[in-house]
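Can you keep this structure in mind? I'll have questions shortly.
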Amino acid sequence: MPLDDDRLFPTDPSVRSLARALFAEIRDLPIVSPHGHTDPRWYAENERFPDPARLLIVPDHYIFRMLFSQGLPLERLGIPRSDGGPVETDGRKIWRLFAEHFHLFRGTPTKLWLEHTFETLFGLDAPLSARTADLFYDRIDECLAQDDFRPRALFERFDIEVIATTEGALDDLRWHRAIGQSAWGGRVITTYRPDSVVDPDFDGFAANLDAFGEITGCDTGTWKGYLDAHRTRRAFFRQHGATASDHGHPTADTADLSAVDAEALYVRVRAGGAGPAERNLFRAQMLTEMAKMSLDDGLVMQIHPGSRRNHSPDMLARFGRDKGFDIPGRTDYVAALKPMLDAVGLEPGFTIILFTLDETSYARELAPLAGVYPCLRLGPAWWFFDSPEGMRRFRELTTETAGFYNTVGFNDDTRAFPSIPARHDVARRVDCAYLAELVLTGRLREEEAAELAGELAYGLAKRAYRL
Amino acid sequence: MPLDDDRLFPTDPSVRSLARALFAEIRDLPIVSPHGHTDPRWYAENERFPDPARLLIVPDHYIFRMLFSQGLPLERLGIPRSDGGPVETDGRKIWRLFAEHFHLFRGTPTKLWLEHTFETLFGLDAPLSARTADLFYDRIDECLAQDDFRPRALFERFDIEVIATTEGALDDLRWHRAIGQSAWGGRVITTYRPDSVVDPDFDGFAANLDAFGEITGCDTGTWKGYLDAHRTRRAFFRQHGATASDHGHPTADTADLSAVDAEALYVRVRAGGAGPAERNLFRAQMLTEMAKMSLDDGLVMQIHPGSRRNHSPDMLARFGRDKGFDIPGRTDYVAALKPMLDAVGLEPGFTIILFTLDETSYARELAPLAGVYPCLRLGPAWWFFDSPEGMRRFRELTTETAGFYNTVGFNDDTRAFPSIPARHDVARRVDCAYLAELVLTGRLREEEAAELAGELAYGLAKRAYRL
Amino acid sequence: MPLDDDRLFPTDPSVRSLARALFAEIRDLPIVSPHGHTDPRWYAENERFPDPARLLIVPDHYIFRMLFSQGLPLERLGIPRSDGGPVETDGRKIWRLFAEHFHLFRGTPTKLWLEHTFETLFGLDAPLSARTADLFYDRIDECLAQDDFRPRALFERFDIEVIATTEGALDDLRWHRAIGQSAWGGRVITTYRPDSVVDPDFDGFAANLDAFGEITGCDTGTWKGYLDAHRTRRAFFRQHGATASDHGHPTADTADLSAVDAEALYVRVRAGGAGPAERNLFRAQMLTEMAKMSLDDGLVMQIHPGSRRNHSPDMLARFGRDKGFDIPGRTDYVAALKPMLDAVGLEPGFTIILFTLDETSYARELAPLAGVYPCLRLGPAWWFFDSPEGMRRFRELTTETAGFYNTVGFNDDTRAFPSIPARHDVARRVDCAYLAELVLTGRLREEEAAELAGELAYGLAKRAYRL
């Protein structure tokens, strides 16, 4: 069926009508995408995307985790094995398997995003099923062969004003450099993500520190040199457009050790002799160090805590990281952030954007914190909560305490390039629905709602991320 | 007042109309009741139910806990005292006391279930109050005297396709055997609930282990013999129809000890010398052992964790277990289940159904886990959450991440036989309301919703429980 | 714009219509305000309120915390510095700054309360903004100069039947005495809040104990004398109308030590030699002691746990307590309350009202506890949850398990006198909306809803607080 143009609006006619009116004014605002995981190489090389399965299924853990949960082996979905063993390589076969099981996605945002993509990008508005699998595959494949489906053309068609990608601290940013040196005018910026040289539990941490020293010319054998290496890389990332850093930690723990203690801790961590508590303390200390560097260089700091990564060691061994086995856990903020906030939380001109996978923290901890500390802002509903109900709960649970202006608009946070417009569409609709509800229950004037709709879709993200 | 035939449907006319249409197609599907606590003796003996108070009040802790919370002594409600001391025995007096306080149940599912029962079973559609107490009592009592209100007749009138009861590992299943040997065709199956021989904190644990050895002919003095005793009983329960086991633990902790360590732990626990941590470890280990046995015999495993049983020691002493003093607590799943999932979580053809009394785990832990592990399924909203708002939250908090097909339909979980149709009615209505909302906000096609309505009411339960 | 007379009612026309009808019957019920923080001196002296800024902004941490969160220094808002350093003293300048930033409050209850106050009290129904700042200031200031805007006149205009203030155990209650001795008939009662002599972490605890001994004539050098001092003060507070005590603790921990152990603990705490665990244990023990005294003197006990006070030590040093830096944290009740409940939880004629800042406890812990223990009642949505969404969640998460009659109506809990009618207006509207929804989804009869509306607005508070 064709997309319902009133989708995600409340069903009450008066609220729906106002939500529609609010949305009409902001649906065509440019996309500001300040946090995501698309591949800068796409924009640099502008090669055509591979077949439909490799565009839409193989890279998308939202999709293959659901199929796996119902017993489909990842090998049949073309997910590469760590040992290089055989997996399905026929895109059409993968696609058919997916299409046969598309009913599993009923009620999920994945289905919303895909159906939006199918219809608006590929003109496919029939239901996807085993019966229509080939029709879809052929049409998408045919489109992908055309020049106006190449990355830069899509970037422009999607009306992306600016997109941030995320690169590790050791990345040479060659693709960003190539984009910058090209004649193309699209604005693609990087984000400084230093987990691989900050988290002692990261794969190859010691070797990473060596490489960190080499590429920066700093002596990462010492605490001072290690911090200098960060400063050097942050400057390098800023040269490639970065306005933000990003930190994916298991917890939100922060620490504020004395310089002497921090140095001693680094020495132990560097030498591989630190236990779990010390490794956690080092990550905690580094959040405060990053915050202090932000005071100097102005990078906005993003903290994404609370994911227990690679829950199944067997799947990690067989398929590697990021295969859908990252599971959220309880996350404390009030005690965890205190050392950092005590150190720098009242400094002017400094921004920390907090995300969560533990919705219990929205109303209890995050909104009260962001509603008083000038440096704190709330990131949008993240990951499993990047969904209509997740976004609604985010607003209902944070607005009354933190207001709208302590939030930062929407992040699509996606690896799936074609889903970007769909995701922003969902966010804009859900926010307009929420605003319309406030107006029609006497909590907001209509002109206030109209102004806020633009802020939530566009203005807040630009200002919060200094874009 | 007569029941509102649109009860529990959304008030918006368009959504209500669709919810009603979806419900019309599934309201008369047979009842599949894969988990509950009705007494198999009822079906075996087919005696008439006792008076209204003993049918509806005395056995129902939902009811007497609420009355107690407002100061009514349990003795006046006819709840037997542990010391055999005097309690009210006049059913009519108990009933009148209940009727006088029926307003306390406003807003609770108990009121919904009772009013459904009063009207559909006994033709009573006036409000219950002190004034109408005798009218209700007399009518119900009169009905209960009739043959078509005996257990088997009600079973058939309720259109129960299959019902599972729950028996302890030491139960001789005589009533199930009697049902099987009778000419009656109703399908009543048992469920293997081994808590009394798995939980070292259970009353009479050591004696239970002795009995466990005797009835199985296995030497429960040894770890191997103890495990064999479980295998023997599981087979015996399977002969009486069991397709599932059930495990009510204070936490969801699991463990995967080496055989040597498990044996040593059993020896200490068997001898009564294990401390609290070891007793918990033993329960944890036994969940993994049960899972491994399920790989062999195909029993579906249900885990019901998180209730702090018998919160008031005084009430436990005076009235015994299951008197409304079981209070939920915070429950972790992500770390707790990991040992078991590491051991058997990726095995094909194996199902664990998870329940919770801690709704914070729905979106944060349970849906992400069930949305990727092939063995995991989410049980329906349980106990205090077997209610319209509880069910709605369950869907809103789990569907976007786990979808519908990682859930298992409805469990009535009841001791109160006459409430079974009312409880399934509530579940079917709430699910149709949710589906209608998805359709009318553009998230689902109407034919998808219709198919899902049948799955949630009937199909998923049959398949998940292998019925 | 003028206030929407249907504000906070559901948008569906049928539900709105019923909510409006329910509200019409109870909107003019007198205000019972059993818990709050208005200043009894106002009613005793009946002086005019100072300028608009000092009436509405400077004392209201909801307001200045939000402004601070967006970078406005507290000094510019006239908040006194601990060091007596210069802050803004020009009320008009403070007001203008506030008005310029009034958009920050969009979506918050603060805006609802203020706009209600502006319109109903001062006849101001234009939007507040930089442009209208002076208009508002002048009108409000002009009103405040009139006799019928003095505290007693407002008390009567607000139709307050009884208001409770909160005083520390050392307070001499002079203002309550003055009110009692005056010819004025307004009923202003006190509440016994002993935190300063119960919490070893309270500022000046040792000196407080000395003063406690002096004013009671009891020897607070001994445990027995210390308990006697409490009894003496409770009697004194009861003479000044108190029907309740109030306890603001970091956790809900309780303890039930033997008399010997309690005495020994007191001696260590008294001498300043107790560590954090012992100081917590002392607070825990004192909740049980207070409960036991309530059995004798009938004071209703209120427990307000879970706020991490003064999160920023820097702000505490610069501006003192209660400056918006109190942040909620996770709060357990099931284990925490057990010692006290084991000791006195089944005693007749005894009431403990529980509050929370951790909404996860509503359905998981608080409703199950209050739904069975006869002494327990649930306080209304508190502090950050004193808001439309917060109140709605409170009802949705507690009613199905605890019903309505284990709740206690509304507390405005405010320091901001003019906001009292607005806050009760919000609570009454939200409750009527909830009741109307229950009726129109077939869960409640209309006459039941009408009766409940009155109970929630008036009856329950009077009975629970014994007013």
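The letters A, B and C name the chains in turn, as written, and every chain counts its residues from 1.
Here is the rule we use: a contact is a pair of C-beta atoms (placed from the backbone, for glycine too) under 8 Å apart; a residue touches a chain by one contact, two chains touch by 3 or more.
Predicted, not measured: the structure shown is a model, and the values here were computed from it.
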Quick check on chain A against chain B: do more than half of the interface residue numbers occur in both copies, making it same, or fewer, making it different? different
In steps of 5 degrees, what rotation angle do you get fitting chain A onto chain C on the CA atoms? 120
Give, as an integer number of Å, the spacing between the C-alpha centres of chain B and chain A. 40
Which residues belonging to chain C are in contact with no fewer than two other chains? 10, 12, 360
Given the complex, residues on chain B that touch chain A span 10, 12, 14-15, 332, 334-335, 338, 341-342, 345-346, 348, 360, 363-365, 367-374, 376, 396-397, 399-406, 437-438, 440-445, 448, 451-452
Please name which positions on chain C make contact with chain A in the complex. 1, 3-4, 6-12, 65-66, 68-71, 103-109, 111-112, 127, 308, 311-315, 324-325, 327-330, 357-360, 384-385, 387-390
